[in-house]
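What follows is a pair of complexes built around chain A, which joins chain B in one and chain C in the other.
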Partner chain A sequence: MELIPALSYLAFFLVFAGIFAVMALGLNLQWGFTGLFNVGVAGFVAVGAYASALLTGPPEPDRLGGFGLPVLVGWIGAMVASGIAAFIVGVAALRLREDYLAITTFGIAVVIQLVALNAQAITGGPFGIQSIPKPFADALGAGLAWNLTYLGLVVLVLGVAWWALDRLVASPWGRVLRAIREDELAAASLGKRAAAFRLQSFVLGCMLMGLGGALYAHFVGYIAPEDFLPVLTFQVWAMLIVGGSGRNAGAVLGAVLVWAIWSVSGGLIRGLLPAAEQARGAALQVVLIGVLIAAILVLRPRGVLGERATVSRHAAGD
Partner chain B sequence: MLQLVADGLVVGSVIALGAVGLTLTYSILRFANFGQGEFMTWGAYLAVSALALVLAVTGAGVMEPLGPFSFGWQLIPAMALAAVLTAAIALAVDWALFRRLRRQGNAITLVIASFGAALALRNLVQFLYGTLPEYYTREIQIAIRLVPRDVLGGLRITPDQMLVIGLSLLLVVALHVMLARTTLGRAMRATAMNPALARVAGVDVDGVVRATWVIGAMLAAVAGVMAGVVGQVRPMLGFDLLLPLFAAAILGGIGSVWGAVLGGYIVGLAESFSVPLFGAEYRAATAFLVLIGILLLRPTGIFGERA
Partner chain C sequence: MAEGGGAGPILVAEGLAKAFGGPRVVDGVSFALQRGAITGLIGPNGAGKTTLFNLVAASLRPDAGALHLDGAPIHGLRPDQVFGLGLGRTFQIPRPFPAMTVLENVMLAPQHQQGERFWANWIRPGAVAAEEKRNRARAMHWLDFVGLARLAQEPARVLSGGQRKLLELARVLVAEPRLILLDEPGAGVAPPLLEIIMQKIVALNQAGTSFLIVEHNMDLIAALCRPVMVMAQGRLLMQGTPDEVRGDTRVIEAYLGIEAA
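And then the complex of A and B:
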């Protein structure tokens, strides 16, 4: 194999794995540390991707925006937009039974998909948004150098998010989250307002998903509603469950593992099946990943890297 | 105006049947089953295959329409066969997946598992049948004018649509009688209220769980076939109905059969009336608005007990 194409593909693979890892970190904050079941990952990713594309893209005559702002502003805007969406959903659903959040987030993802598909004046409708700026592409062109640079950016963002989350969950704030997850009544009796902590965790997690969406949009340069179908939610969940929820390293490892399984099985299907059967093959790919999730839930509920038991250093004085 | 009401009631009947199955599994198995919509899809597609089988066995070849309806009698045994097979799928998924997770005792894990199972089931349908829509019959039906055009905009309805409304009401009444009068019905209600107490009182809880899956899946399969009769059979049939199903079940109050029926009609009517207001493309968002509204105003639903 030629070296340059192989390196190029490796960079491409790792960029996607890194973007998925950012989303999985967000989901891990919600599910792994707080016990919130978010089935609308794809919706919050879409909000971030569209927000950043609108803020940074070149002006378009027949739709809103293209404001031509710097990419960094787009990324921050993506987090803000997803955070606002999450706040609205969270206020409505978080004070209720835990499975109502699942149903509500499922619903918001359906609605966001509808808006992306139909609100032509904002989202470009089924054709989506083209020519989303790629950072540093003017200087580096579209080749390997740019892929590697973007990989560097993604790794940097992932690293900052990972470090910040590790600090957060180790802080008193993170301890309260786990206390609520384990026993809400006990946490409430210590004067912790469970609803407020849940809302903060939910909004923060969704902001990371929005950031993941923005990273995706600026790497590919083109987004359309079919990039944010429920299967995306499913992939991110598979990553978290395979890697092991409740540990940030598990979320990142799961993202790399599941994305590798996904890419290899997708390549096999493309290689083995004739062109007419590709759509069926893609369906089979999702079935296999669904069975993988179910099998891990039954056989190894903690994933590859499960959460470590946290014991007070005073109690563990042996 | 009247036409919108009639269209809403037809859609609402399909939603109501699905939501009744959902509310039963929700209250007895104690988790939100995201797979309920896929049971509808599977029921609809299995009926396509069963219909081909019935036609082949009876040697009829082409289906003769039955009375005023667009389909022949062969669809009735095909629907029954599809319902039985869908129940078998539900039992198989429960045996392989949910039964093991129930032992771990975390309800939300069951929800995740049902989400994964739903995606696998949906894509399996796509793998087996392809993505093109299927029809039970190509017969074209003339709508009957019940109300002339100058009274509130008039009303036209096909015999198939009237059958859908009638059949769903009939099935719900039958279910109600079963729950109210039979030993199994009492056992199911007891398990919904307090599984531990029901077990102590001698109720076979595992049997109740199996019966719940069978009833929920069969209702979903019939609802799927009815959706196919008045529309098309598509891989996304059940997925697109999942949000209306949840909205209807929560609107009626989890565990309440009549609540789910009423919720189904309300969601169906709301969808139908949203079309002239917001346009057909946002029709699917109506169920979400209903859901958010009920969660903000009265999260226990119309007939739900206060938490």
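And then the complex of A and C:
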């Protein structure tokens, strides 16, 4: 096996795993730490991807934008856009019963995907958005050097997100989230306003999903509505469950594990199945991951890594 | 503000009523709690005492009636708001956060924690750490007081029924409310410890905290509570000193389940 292509593929694989890890961290904040059942991950990822693409892309005559802004501005804009979308959804849905959040977020994600498909003047419709700028590509070209550089960027973003979340969940704020999740009435009787904390967690988590979408857009260089189908939500959920919800390390580990299984099984299906059976083979991937989730839930219900009893890092035993 | 902290009653309830689809469980209850008093609330099982607590603490919404804490209306507020105004409560059946440590169950309760604003944990970590240190010391003080200090790092789910009651007590005390509602604080607590807790309630009371205590243990009521209110079938029967209450035929009839004439 030649070294350069292998390294290049490894970088490619790790970039995707890292991007998924950012999304899984966002979902972990919502589900693992708050108990919010968000099944619209793909929708918030899409909002971030499109927002960054519009903000940073070159001007297009028959479409809104692009505004040619720096990539960093696009990434921040992605988080802001997903955050605003999450705020609107959250204010409407979080006051309802728990299970309604699932229905609402699922519906929102479908709507966002349909908007992406049909609002041609903004999103480019079914063709999506091309020529999304790749940071440093002018200087580095499109080869291994660029892949490694982008991997560095993704690792940096992932590291910052992980650090920021670790600070958050191992804090008095995280303690309130945990209390609300365990007994909302008791938490309220101790002065904690559950609705406000839930909304904060939901918005922050969705901002990370939007950031993940932006990272994806600038790595691949083009986005289209079919990048944000419900299977994306399924993948991120699988990562969180396999890795262990309630631990940030679990979310990241799950992202790497599930993406590895997904990539290897996808490669096998492409290699082994005749062309006519490829579509059915893709469904096999979902089944495979589903079996993995079921096995994990039976063998290790809290995932590969579980949850600790101490929340705030200031309250640990000496 | 003019009425706050004055000499008037700390809590006034007028015409509180609650039904759960059937007959009224709390049926037009009005009372005023004296500031600085330990008021007792007794009555047979099912009289509506816990339901009345839930109405006062906003865990339940009354069908009718008004509530004023220090002269300010609190009916219609959420439970977290009522607690923020200084009205704390414990539950008859304790509600610890089972997967959290005993210590953090208590550290949760202090109000206005900076670290509960998510951004403070990023931009003011030093201030949050210092605040947590103070909260931890306060929490350990109250855990020590209820005799749970050695279990501080255990998850609350390992506690026995009586220990859970004690944890709830520590949890509400650490927040230093001005009025505390205790729903059967003595149930399941061993006598020597109960003795200490009663002394501490008296000490807190002398420092200015008002109490409303539901309890079936008449010794505890007689030792602590002036006055005592008696509730039966959703209504307040009478109010008086423990001796007056114990000697009253209506109260005896209510406890024996005889229809009052």
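Following the convention adopted for this analysis, the second predicted complex is superposed on the first by the 307 of 318 C-alpha atoms of A that agree within 3 Å, B and C clash if a C-alpha of one lies under 4 Å from a C-alpha of the other, contacts with A are read in each partner's own complex, and residues count from 1 in each chain.
Operating definition for what follows: a residue touches a chain if its C-beta (ideal position, glycine included) is under 8 Å from a C-beta of that chain, and two chains touch if they have at least 3 such contacts.
None of the values given here were measured: they were computed from a predicted structure.
Touch criterion met: A:200 reaches chain C, while chain B stays clear of it. Counted by residues of chain A touched, the larger count belongs to B, out of chain B and chain C.
Chain B meets chain A in the complex at residues 31-32, 34, 96-97, 100-101, 104, 107-109, 111-113, 115-117, 119-120, 123-124, 126-127, 130-131, 239, 242-243, 246-247, 250, 281-282, 284-285, 287-288, 291-292, 295-296, 299.
Every residue of chain A that touches chain B in the complex is listed here, in rising order: 35, 37, 39, 92-93, 96-100, 102-104, 106-108, 110-111, 114, 117-118, 230-231, 234, 237-238, 241, 279-280, 283-284, 286-287, 289-291, 293-294, 297-298, 301. Per the touch definition, chain C reaches chain A in the complex via residues 57, 59, 78-81, 83-84, 88-89, 91, 95-101, 103-104, 107-109, 111, 113-118, 121-122, 125, 128-129, 131-133, 135-136, 152-155, 171-172, 175.
Contacts from chain A toward chain C in the complex involve residues 164, 167-168, 171-173, 175-176, 178-179, 182-183, 185-194, 200, 204, 307, 309-312, 314-315, 317.
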